[in-house]
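My questions will all concern the structure given below.
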Amino acid sequence: MSIEEVSELASPAPVYGGAEPLLEVSDLRVRFDAKGRRVNAVNGLSYHVHAGRMLAIIGESGSGKSVSSRALMGLLPPTARISGSARFLGTDLLSLSEREMRRHRGADLAMVFQDPTRSLNPTMRIGTQITEAVRAHGDVDKRAAFDRAMELLQLVRLPAPERRFYEYPHQLSGGMRQRVMIAIALAADPKLLIADEATTALDVTTQAQVMELLLELQERLGTAIIMISHDLGLAASYAHDVIVMYAGRAVEYAPASTLFSHVRMPYTRALLGAIPRLERTPHSLLPVTPGQPPDLTALPPGCPFAPRCSRAQDDCHAEPPPFAEHEPGHWWACWHPCEVGGPAEEGGR
Amino acid sequence: MTIVDEREPLLRARELVQEFTVRGRGGVKGGVVHAVSGVSFDINVGETLGVVGETGSGKSTLARSIIQAPRPKSGEVHFKGTDLVRCKRGRLAEARRHMQMVFQDPFGSLNPRWRISDIVAEPLIGYGAGSGGARARRVRELLDLVGLNPDSYGRRRPHELSGGQCQRVAIARAIALDPALIVCDEAVSSLDVLIQAQVLNLFEQLRSELGLSYLFISHDLALVKQVSDRVAVMHLGQLCEIGPAETLYRTPLHPYTVALLASIPDLDPSAARHRARLSIHGEPPSPISPPSGCRFRTRCPRAAARCADEAPVLREITPGHSVACHFPVTS
Amino acid sequence: GGGPAGTSAGPAGPPQQGGSLTTLVTSGFAGSWPSGLDPATNTTGGANLSHMNAIFSGLFKLVADDDGGNARVEPELASGYEFEDGGKTVKVSIREGIEFSDGTPFDAEAVAFNWERAVDSSCTCAPRWPLVEEGGITVEGNTVVLKFTQPYAAVINSMVVSNANWIASPTALEKMGEEKFKMKPVGAGPFKVVSNRLSSELRLTRNENYHKQGRPYLDELIIKSVGGDQPAYQAVLAGQAQVFEGMVTTPLIDQAQGNPQVTVTPQPPTSPYVIQLNTKKAPFDEQKAREAIYYATDVEAIRKGLFGNRYPAAQTFTGPGGMFHDDTVPGYRTYDPEKARQLVKELGGLTVHLGTIKQYVAEQINTALQSQWEEVGIKTTIDSHELNSLIGNFNSGEWEAMLQTAGAWDPAAGVGVGFRFDSEAPFSGVADPELDTLLDDAAATIEPQERDELYAEAGKLISDKAYAPFILAFAPTNIAAEGVHGPGVTTKIPPVLVNTGIQWDEVWMSQ
Amino acid sequence: MAIVEASASPALLEEAGQGRFRGWLRHLELIFPGALLVLIIGGCFVWPLVAAVPDPVGGDVLESNLPAFSEGHLLGTDPNGNDVWSRILYGGRASLVVGVAVNVLGLIVGGTLGAVSAHVGGLLDAVIMRVLDVLIAFPSLVLTLAVAQSLGPSQVNTIFALAFFSVPAFARVSRAATLRLREQPFMTAARLSGTSGRRMLFRHIAPNITPQLVTFSMLSMGIIIVIEGALSFLGLGIPPPAPSWGNMISQGQQALSATPMLVVWPCVVLFLTVLAFNLLGETLRARWSGR
Amino acid sequence: MTTTEPVTDDAREAAPGAVARLVHSPSVRLIARRLVAAVPIVLGVSILTFIVLSLIPGDAAQLLLGPEATPEQIAAMHRQMGLDQPPVQRYLGWLGGALTGDLGNSLVSGQPVTGELGSRLAVTGELVGLAFVLSLGLAIPVALLAAYKPNRLFDRVSMLVSITGLAVANYVIALLLVLVFAVQFAFFPAIGFVPIGQGIGENLRSMLLPAVSIAFPLFCFYTRFLRGDLVDQLRGEDYIVTARAKGIGPGQVLLRHAFRNSSFGLLTVVGLNLGTLIGATVIIEQIFALPGIGQLLLQAINTRDFVVVQACVVVFAVVAVLANLVTDLLYAVLDPRIRYGNR
């Protein structure tokens, strides 16, 4: 990829609403040099999050959702090369040293991970894991930390918190563990909470419980939430705004209501079309998008979705479409966007 | 082999029970997990039975009990007229030829050190079907059928394939011997939607073309509805409701089914937000010491005293639609 | 101060009283006493000289001038002896007024009692007396009388290596019972047993009852078993032990001699290394093969290369420290590779299994022999045996050549020349009636001059018939820390068999 | 649409260079121990064939204890006048052969036992595991001593005796790996495919547990070579004068303070060998575990 | 391990019904089960020893009586030693005695074995215990420091040291230690054992060098193992990411999270290591003239004193089995997944 192409891919952050955004990510790029292979995991991602809003990042597996959010937290392995900027209340998170970053982790930005079983230390009491997070920032004595932890456990509505405090992760069910993870994330009143597929490992009923909880907490605490998922239904049900990612880039961005009623990106449309729905007749064939996600080690020159896109034309293969605000509040990156209200199945070939 | 009666279901499971003794390090007995407790159902030729239920409800155990890996503790599984639970090893192997399984983990179900063509050929070799040349031809045919170009994929190894492709290889292996029944244990859960659609379509195609029957397990209710003729709902090792897909989804009878259906996130944002959603609260009880009576009663909004004393049995409410509840939901 | 050959090891002033001394013995040999310290049942008594002498002293003892010369056996707890009946009757008189350390009298009855047990003992150190069937051992007042079927010249000389020399208190033995007694034996020696951990550590304390006034000098003597020369040497340097008996590793001896902190006293060699050849079996039933071995063996190279000229070459069965020693034997076949090659050729090749006991010096010599023999075309394999498999090999009669030590201070003593050359002996590879007669005669002759001649003749016969080439007369070296003095430690006493009988009652330390 | 300047391009270029270097470094993890091993093995097995090296045994006693860098004796001679350098090369043969043989025995016997035991399960598993438990609880040294004393010390017997150390260890590793493998769906799938037990063992289990076993054998190779030396100390092992690194060290230690170099040289090569095997083992472990 | 909770867990554990809970507690059941499982193992070991020993050529009688003994003498000695009985009967006789705590009398010295073993066990036990303490006490901090910054200078140096320890035989280490610390600087005695009764300081001084000789290779092994495991944890485990995401420092992450989990792996290794230690004690006791079991065992094998060998082996086996039981118990006590497992 030449420098010119890179600069064309680079895009300004879409502006949402009037107030200053809490987090402003622009042109985030992450590359891995692993085993001699170079993986371009994130290729110029830009977005905003405002306090009190929930932003959903969706996209298929490997589209760079986790990598981009871990980059914000400074939790990528040393093999990652990061560029771009992520302004968080005026500081560029990406330029911080590990030591400075540590002050922000937990305190300003917190994260809830996909698999609560593996993400909790199996040999440490639940309570200790929470108080540890409480005490990581600020000078809190044991007693105060204990009180705070109990408060948090009540906040996430864990039944019998006094007992649970002394239990170990394996004694809890998946849903309870995920609540503990949320309690840990909320320990220092973060301004931004990143939930990286926080409910993927849970079954539907538990997933619903956890999502309810997140929403409720957001309403109460005013925290901004970035919710990462590949479940469009989840995004539609709970998020204010939605970003759709493909091959390490944002391809469509809009408030949830707009996005699901006025899909413009063929890719998003394909995603929506492929979801089995209750309304669908049994045994009907689903619309199929052929091909594979692009190889991140060697991206095609044009639009990365072009090889799989039914609407693709020559220009799509030649040049990547810019990611721009084509309608108020609705951004997309496509040379030939779908018509509003067109059949959902149209996205796939 | 016995001649199959046309009206006889392809698979008839009766009162299947599977239990596991869990042991700690050093072999301390921790308790008995009642993974599957008295499950009965039929699958007819060409029919797809969906099984839904939350994590740990015993779906996978049920599937494994049917393919006899391991054999269930008690109960009967009649497959094409043979009771698999009590038959000899040789008979079982013969029966398994017509019964295959596709697993949830697309990578784990393929030996990472084998080539794709070898993997697909494995059942052909295992059941001694065809000579070398015929076998190779059959492998190509199968790979073509699942949409993988045998020339470019045959010599690859699993890690050179994507998850969806791996799953297709697993399917190719499963259909290699023209089985009558395929057990799909969360066969598409780990795939993302685009790939999932491809695989589901492939299943559908095989069903209509080859007349396969499926036992289709998932906890995604919408997905199950998409593929199933009938749906069974499992809760803590027991069937709590079973019926034709359309009916069951339209008029769920069991409070648990209702709760499950309510948990499905809706794609319509305006409708989804701020509705009173949850009808199920609390944690699922432990399968080691399930509650007395109805196993759902601890979380059931309709629970009454009777539920604690008396375990409800599956009873037919409308034709083909049965529920195990003392107080079924009637709208 | 060190220096070669203990020249400066004379007493440094009058002996001083007191002190605790630790002496180290190698766990493979002297440091192993698995069956306890009762003279009659200690099967390794011949190796445990220090232990036994310290507890029991001895009826007789071997003494020598400070340089190891003029070695002679002197009565100790005995007061003297007489031969009668042409040597067929031996009368040993016991010193008066001696008591065991438990206070019971040490008398002829006690000695006779012990001798009866000694004769029945299964130790290699049991006396080889040709006793008459009935009344072989009798008591006459303060004298014990031995009656032999034939004269036994070495009866007194061999006493110092046999368990007949160590007299245990019969009263104590009876009181304690054999099993307890072997752990805490009671004798009339300079020391009493405090504690005894078999093959590991023996703690002794001064015997106040000891018959010599003012002896022993030491208050405490500890005998410890240690795993090898290197750790033992280090322990002496570090001050955990004052004496190490029986160092054999040449480079370490060299190093010790350069070290002013220790006194190095090489003992006068008595038993030479010999290559026993099994003449009862091919290939050495043929004299040519045996001669080839003689000619192929370059003793000078081994002396110089392996031992820095430390030990003298030997051509017969006693070393320079022993009785009836001859430096050379007329007609002895020395190194001549050409002749060896010639003989091997005549034999149409020669293949030899050369064995020895698992021990550093012996293994080194074997290795060198292998090289030398290979050089002249003798195919040689060498094996090192544990004691067990060594005995097994000899018993089976399947062995071909064995590197062993032969002889003793007095060749007629127990494990002396007969042990290796008598046709009756299990460890012998020779069956020559002529040699048997010579050796028997020598053993039965009291007159030293006559004996000397008989042994010279035997030596010549062995050499002429090429029964067994001798290598060099080896003796271990004793190491002592600064300030330790005593006969056998810092002066030389010929080893009666392999190790020296240190006279612990005379050993003293400067404080 | 405003286009933001492309960021970090120079940095990217610079990192690319570093990337190449890093890639090379990563290979170094394999190259260094590999090269070291090739050097050691080549030195022991090939060098004596190519270059004129004195015999390791049968030296002239008159040339004993020469210091290093003496004429004709690169590392000097031992008390028997044997060339130390040559003994190190030939001794390496013995040590490496013992190390490899013991590991191969462990790999084949132990590996098979463990795999079969875990695969078949049930009574057979219980019996095999109890026997292995006994072997593990049994002080292997006694067994070794017994073997050595009844059969006499020799290279073959040493291998045999040391196998008592390696077989149970390999069996455990292999059993654990097989048990883990058993959980994999492809094993169930294979059974459903009518694959026979033997085929399962050889085609499914064996190739999948081999990497683990090989890694383990790399790490235990050094240990075995060192234990052979300990046996030499107790008078077992490879009988002198035939050299092995172990018996060179054990012979040398008898006069360690006087002739330390006789111990130092074999220790140095042993160190390099253990280093190489360890590094190789760890690199392989890291690679095969997919890090 | 430090925990920050203000109320201790033990207080909760000692709630009513403590006895009932004790009986049903996994730990107690674990002990019982493992003790039962240990019986066949020890039995197996004793049978195996019996078989192995009867395969060794030569016997104590032959050795005691010397080469010139007549067959009648040997037979008489066999009778005296009880070696004339058929092996099965001999074994059963031994077993009967062993069950009542009487391991028989030494064939060679006639002394009762039980008492001898007891006093020697103390020496070997102290040696091994000290070696464990030293090796673990050093390995843990070194491994932590090495894992703190993997592939940096300290890590590399510690790796080289570890590999040296794995490559250099323990007897060479022992001799070198003595040369330096006993001969050059007379800090420690070169040989000998001072019983605890004569002062704990002197006792430790006499045991330190032998213990270090055994501990050094162990230390190296543990360091390699623990460091590797720690790095694996740090790289691969999700809860490490969680911990880092909380904003706690790398030292805390290492100590409180990675080490806590790595310690279980280490525990297993330590438990399994005990068997191999026996070889080390045989050699080291020899060099330092320590009156321990290793020394006894070697002598007994050389004199074919099978009663003593049998007793030593069984004692070692019991210790090995107990060690594994203890590690399992420690697991059960330390690892909550087992402590509260599957109830």
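As written, the chains take the letters A, B, C, D and E, and residue 1 is the first residue of each chain.
As a working rule, a residue touches a chain if its C-beta (ideal position, glycine included) is under 8 Å from a C-beta of that chain, and two chains touch if they have at least 3 such contacts.
Keep in mind that this is a model prediction, so the values were computed, not measured.
Undergrad: How many links in the shortest chain of touching chains run from chain A to chain C?
TA: Each step joins two touching chains, and the minimum needed here is 2.
Undergrad: Tell me which has more C-beta contacts between its two chains, C-D or A-E.
TA: Most C-beta pairs in contact, of the two: A-E.
Undergrad: On a C-alpha centroid basis, what's the spacing between chain A and chain E, in Å?
TA: Here the centre of chain E sits 52 Å away from the centre of chain A.
Undergrad: Hey, how far is the Cα centre of chain A from the one of chain B, in Å?
TA: That pair's centroid distance is 31 Å.
Undergrad: How far is the middle of chain C from the middle of chain E, if each middle is the mean of its Cα atoms, in Å?
TA: Each chain's C-alpha centroid was found; their separation is 41 Å.
Undergrad: Need the CA-centroid distance for the pair chain B / chain D, whole Å please.
TA: 48
Undergrad: Give the residues of chain C touching no fewer than two other chains, as numbers and ranges.
TA: 228, 230, 234, 386, 388-389
Undergrad: Quick check on chain A: which residues sit in contact with 2+ other chains?
TA: Expected reply: no residues.
Undergrad: Which residues of chain D touch chain B in their complex?
TA: 184-186, 188-196, 199, 203-204, 207-208
Undergrad: Can you list the chain A residues touching chain B in their complex?
TA: Spelled out, the residues of chain A in touch with chain B are 60-61, 159, 173-176, 202-209, 211-212, 230-234, 236-239, 256-257, 260, 270-278, 280, 282-289, 292-293, 348.
Undergrad: Any idea which chain C residues touch chain D in the complex?
TA: Spelled out, the residues of chain C in touch with chain D are 228-230, 233-234, 249-252, 254-255, 301-302, 304-306, 358, 360, 363-364, 367-368, 370-371, 374-375, 382-384, 386, 388-389.
Undergrad: Applying the document's contact rule, which stretches of chain A touch chain E when the two form their complex?
TA: Answer in residue numbers: 73, 75, 77, 102-107, 110-111, 113, 115, 118-125, 127-128, 131-133, 135-137, 142-143, 145-146, 165-168, 170-171, 181, 184-185, 187-188.
Undergrad: Would you mind writing out the residues of chain B in touch with chain D in their complex?
TA: 64, 67, 69, 93, 96-97, 99-101, 103-105, 108-114, 122-123, 125-127, 170, 173
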